[in-house]
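Going in written order, the chains are labelled A, B, C, D, E and F, and every chain counts its residues from 1.
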Amino acid sequence: MDQVINFFSMGNYGAYIWTAYSLTAIVMLSLLVTTLHRLRKNQAELEELQHLRETAGQSNNKEETARP
Amino acid sequence: MGLNFHLAESSALILEGPNGSGKSSLIRILSGLLRPRLGSLIWQGQDATKEPEIFQEHIHYIGHRNAIKPVLTVQENLTYWSGRDKDDTHLDMALDQFNMLPLKNTPANLLSSGQSRRLALSRLLASKRKLWLLDEPSVGLDVASIKLLEQAIAEHRSTGGSVIFATHSPIEVEAPTKLNLRDYSPLYNRALINLDDEEESWV
Amino acid sequence: MSAFLNIVSKDLRLALRQRSDLTMAVLFFILTAMLFPFGLGPEPNLLARIAPGIIWVTALLSVLLSLERIFLADYEDGSLEQLVLSRASLEIAILAKVLAHWLTTGLPLILAAPLIALLFNMDTEAMTILLFAMLLGTPSLSLIGAIAATLTLGARRGGVLIPLLVLPLYIPTLIFGVGAIDAAMNSLEAGAVIANARPHLLLLGAILLVSLLITPLAGAAALKQALE
Amino acid sequence: MSVFHRFANPNRFLKLTNTVLPWISGITVLSLLAGLYMAFFTSPPDYQQGETVRIMYIHVPSAWMAMFIYSSIAFASVCSLIWRHPLADLAAKASAPIGAGFTFLALATGSLWGKPMWGAWWVWDARLTSVLILFFLYLGHMALMNAFEEQERGNRAAAVLAIVGFVNIPIIKFSVDWWNTLHQPASVMRADGPSIDPSMLWPLLIMGLAFKFFYLVVVLIRIKSELIEAKLRKYRRAVVDNA
Amino acid sequence: MGLNFHLAESSALILEGPNGSGKSSLIRILSGLLRPRLGSLIWQGQDATKEPEIFQEHIHYIGHRNAIKPVLTVQENLTYWSGRDKDDTHLDMALDQFNMLPLKNTPANLLSSGQSRRLALSRLLASKRKLWLLDEPSVGLDVASIKLLEQAIAEHRSTGGSVIFATHSPIEVEAPTKLNLRDYSPLYNRALINLDDEEESWV
Amino acid sequence: MSAFLNIVSKDLRLALRQRSDLTMAVLFFILTAMLFPFGLGPEPNLLARIAPGIIWVTALLSVLLSLERIFLADYEDGSLEQLVLSRASLEIAILAKVLAHWLTTGLPLILAAPLIALLFNMDTEAMTILLFAMLLGTPSLSLIGAIAATLTLGARRGGVLIPLLVLPLYIPTLIFGVGAIDAAMNSLEAGAVIANARPHLLLLGAILLVSLLITPLAGAAALKQALE
């Protein structure tokens, strides 16, 4: 137990060291998470639009052939 | 599919087409202000797509906006862009051609819209370039001033100059080539929509 | 060369016609500098100690606020298109416009600076160095600022962006500008004043040279894009 | 030119990305774990700085990344302006927020280290100051990139800024040599080889590696995301035009 | 000597005259933006020369400039000036009348000149005012769009509105009153020159 | 009352929509405040000594630069006429617009102030007093500034005039604002901090009350004139 406490107190500099490490963790994780989140969102939207386009594209083509 | 044209000396090309069909864009591409996504621009045998500088000294572009400073007088405005001396008689002649001589010392903020346009047009005569690129030059002009413009164009062509202009209202020039852009614009020609940005031009 | 003078003289004439442009920077400079004695209390020693910093920071802010107008009006009324298409090289044209800007903001600031220096109890030697430093430094401010002004043309929040872009780039000028005067004020013998200030002045000169090189290139690139 | 244009093909790029992503993600995780373990358990406390030296293992890699990413952006900007290469724009755009994040970390961890060591959260010396300027340059770059209706215009403007701002990088690097500052001079990346003890050097290098691969992972995903977004914009436009 | 006219409900007044004859100035006086040196302006029996506020809420003025903010989209531009809610169907109807609905979400800096003008004109329909004051409304419009404008004017008049406009190119409206300003302008009528600023108007 | 809230909420929404308004003042505040350490050198004692003055002067300049927009856009697009013609009393309307202005500039400044205080090595007690003083002082800045903003509407060079009119009127706020913090920093015992700062804070409160009274009256008169 003492060892654990010792480890976490870091020679009384624990507050500085652990804040530094947790800040780093927070920044890096949030970079990763926002990036992945945006990727997911964009991928979903792309699929939806591509679907829309396929259906719209077909009707569009018909229109074109119908044009004089 | 593409748009392809060639311009000889002393000729006039009129760009037509509905709003948003790309007349202004084409003129800006020709002037080198915009770069074409595709296609190329040949000036006297040289490819000028990448380096518009090599022909920019031969053209004069007048766009929708008149580039007039309201706090300067008519003469000062003209002097600045012509690069000529203040007392050069060419300046007075240029102003006179568009009937602006009486307003020579008027501050430009007092000009009416047609007068401003005439001032912009008189720059054409103050700096003699070979190719005029005019975007709706007759906007705001009264009937008499349109005549003056037609005269100026005729004179310019008689000395070997060429002119390309876009317009919605008729401007009469001799033996014009006409180009209607409606068919080249994705806004009006649906077949183009799926072709991804095919704005193009070859001179 | 004549194209250069042509642009300079036109811009100067424009500034003289609408005098508010000319007075704004100077007026802001004087009024702001005068706030500090009120904010810091009237201790003459303290004031003299911080005078160089205050004067430089205030000058910098005054220039900053006038940057937007270097190109904005020309952009909006279509003159910029004509400038790009005119025979004059765009690099030269940019230098001309920057010179005109400096003549209407930087120079008046330099003329007003002795007044502020007096108010802050600066001694004459420091004042001379201050003037030299400003003479070398304010043109860099105009030059560097011009880059930001061209970059933000047509931007959604141009006015806000300029300080963000420009202040970081101004910091070296500020540091050496103040450094020169501090060095002058701290030299004990009269003869050492110039010797002490010299490295700082040389660095200011170096910044000026670098920005004289960079501004036309970066500015021309930015202007061409702004019109596309 | 031709080399560039082979990668200009977005599909080829996407394929390449998808194959390497799992690998570099794996390397990131492994090196991060190893680095952390060594930082906390195998490396000794410093004889001067005591336990606080453990901040070094994140402070220094963050500072390296701050400078490295900015340099990459400047390089990409040169490519973008000269060759008008679309991928260069995407890379610059995707990198900026990551670089800003690491710069922030360098500043924050430096402050947290400075309080116990120098007795102040912040001192105005050349090294610290120039890193702060770097942070503002990142912010300006990001703001400029998003300030225009047309993405292309934002890319170009930001590219010019990035190149101009590159002057700052040598200043950061050499500020400790040119001016006398409180901050430590270089002890790893110097001409005559590293001067710190291997027991501290190794965890430092491994953490540096981990950070660099982390950057690679995130930036690749972001570029992928940007590519999709560009496609989305085009589709949306087409849908509007069709209406 | 003076210029004197009266405008009834549902009527259309066309101002004509060469460049600089004072069309724009007259329209600005009528809108209350300029104050006449001499003469007075009567609105529904009240003298409004000194206090243009009493009728300004009934007019809509569109000048040479389009007052479009380039950073906002078409829809945002329209919403901003109309004072209506963003989702108001009136806005869509107004855009539709000038065939701008497809461009609803386009940023205004991408618009062509004719499209900008159409956006400015669609404001007329978004805020329903009684009297329209239009200064060269058809500038930059293609033939189809001029037709749309003529339709809009006809509809406006059928609901009791009036319109005064200046133009150089023909815009066809039913039973217009025409007023040629050439004779009232010192620039074209020398007799007026010595009379010092007699630009005047009674409504 | 509902008219009041209506105006406040509309102005806030506009400010949020074009975020530049919102960020401009704060960004300018932070960037400018950071310039001073560069200009004055890094001595922590000197910085702490002059921190209150710098923070107040910088805050004052940030507010100053945002004054023009309180009424100008409304004046130019005709909304002001609608406001004058509407049923709501003009005095109330002015107070509402000033409140919106304070919420978008003064409040963000207060939130950013602790950051600057940290950079300048201010201690926590002085910082608390700084926040109190700004809470009392910045509304007065908005109120007094609004008078100048209404007075210069339609003037040919409104932008230049505002600093000229407003800076002299800001000086009392500046003096007592700085005084409060200086008093707090100079008190030796911890308990005396508030007692020492109190007279200054009271005076700031008095300025606030007076300007709350004067601004609506003077502003309404000036607005009506501007529209004539």
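To be clear about the criterion, a residue touches a chain if its C-beta (ideal position, glycine included) is under 8 Å from a C-beta of that chain, and two chains touch if they have at least 3 such contacts.
Worth saying up front: this structure is predicted, and the values here are computed from it rather than measured.
Peer 1: Need the graph distance between chain A and chain C over the touch network, please.
Peer 2: Contact-graph shortest path, chain A to chain C, evaluates to 2.
Peer 1: Regarding the chain B and chain E pair, does the interface count as same (over half of residue numbers shared) or different (under half shared)?
Peer 2: same
Peer 1: Roughly how many whole angstrom separate the Cα centroids of chain A and chain D?
Peer 2: That gives a centre separation of 18 Å.
Peer 1: Give, as an integer number of Å, the spacing between the C-alpha centres of chain E and chain A.
Peer 2: 52
Peer 1: Could you grab the centroid distance between chain E and chain F? Build each centroid from C-alpha atoms only and quote it in angstrom.
Peer 2: Between these chains, centre-to-centre, one finds 42 Å.
Peer 1: Provide the C-alpha centroid distance between chain C and chain D, rounded to the nearest whole angstrom.
Peer 2: That gives a centre separation of 32 Å.
Peer 1: I need the residues of chain E touching at least two other chains; which ones are they?
Peer 2: Answer for chain E, listing residues that touch two or more other chains: 71, 109.
Peer 1: Would you please write down the residue numbers of chain A that are in contact with two or more other chains?
Peer 2: Residues 60 of chain A touch two or more partner chains.
Peer 1: Specify, in ascending order, the residues of chain C that touch 2 or more different other chains.
Peer 2: Where chain C meets two or more other chains at a single residue, that happens at 154, 156-157, 164, 167, 171, 228.
Peer 1: For a test of understanding, state which residues of chain B touch chain E in their complex under the given definition.
Peer 2: Against chain E, the touching part of chain B is residues 17-20, 23-24, 64, 111-115, 118, 135-136, 139-145, 168-169.
Peer 1: Of all residues in chain C, which touch chain B in the complex?
Peer 2: 2-3, 6, 10, 13-14, 17-18, 73, 77-79, 81-82, 84-88, 227-228
Peer 1: Would you mind writing out the residues of chain A in touch with chain D in their complex?
Peer 2: Counting only chain A, the residues touching chain D are 7, 10-11, 13, 16-17, 19-21, 23-24, 27-28, 31-32, 35-36, 38-39, 42-43, 45-46, 49-50, 52-53, 56, 60.
Peer 1: Hey, which residues of chain E end up touching chain D in the complex?
Peer 2: 71, 101-107, 109-110
Peer 1: Inside the complex, what are the residues of chain D that reach chain E?
Peer 2: 149-150, 240-241, 243
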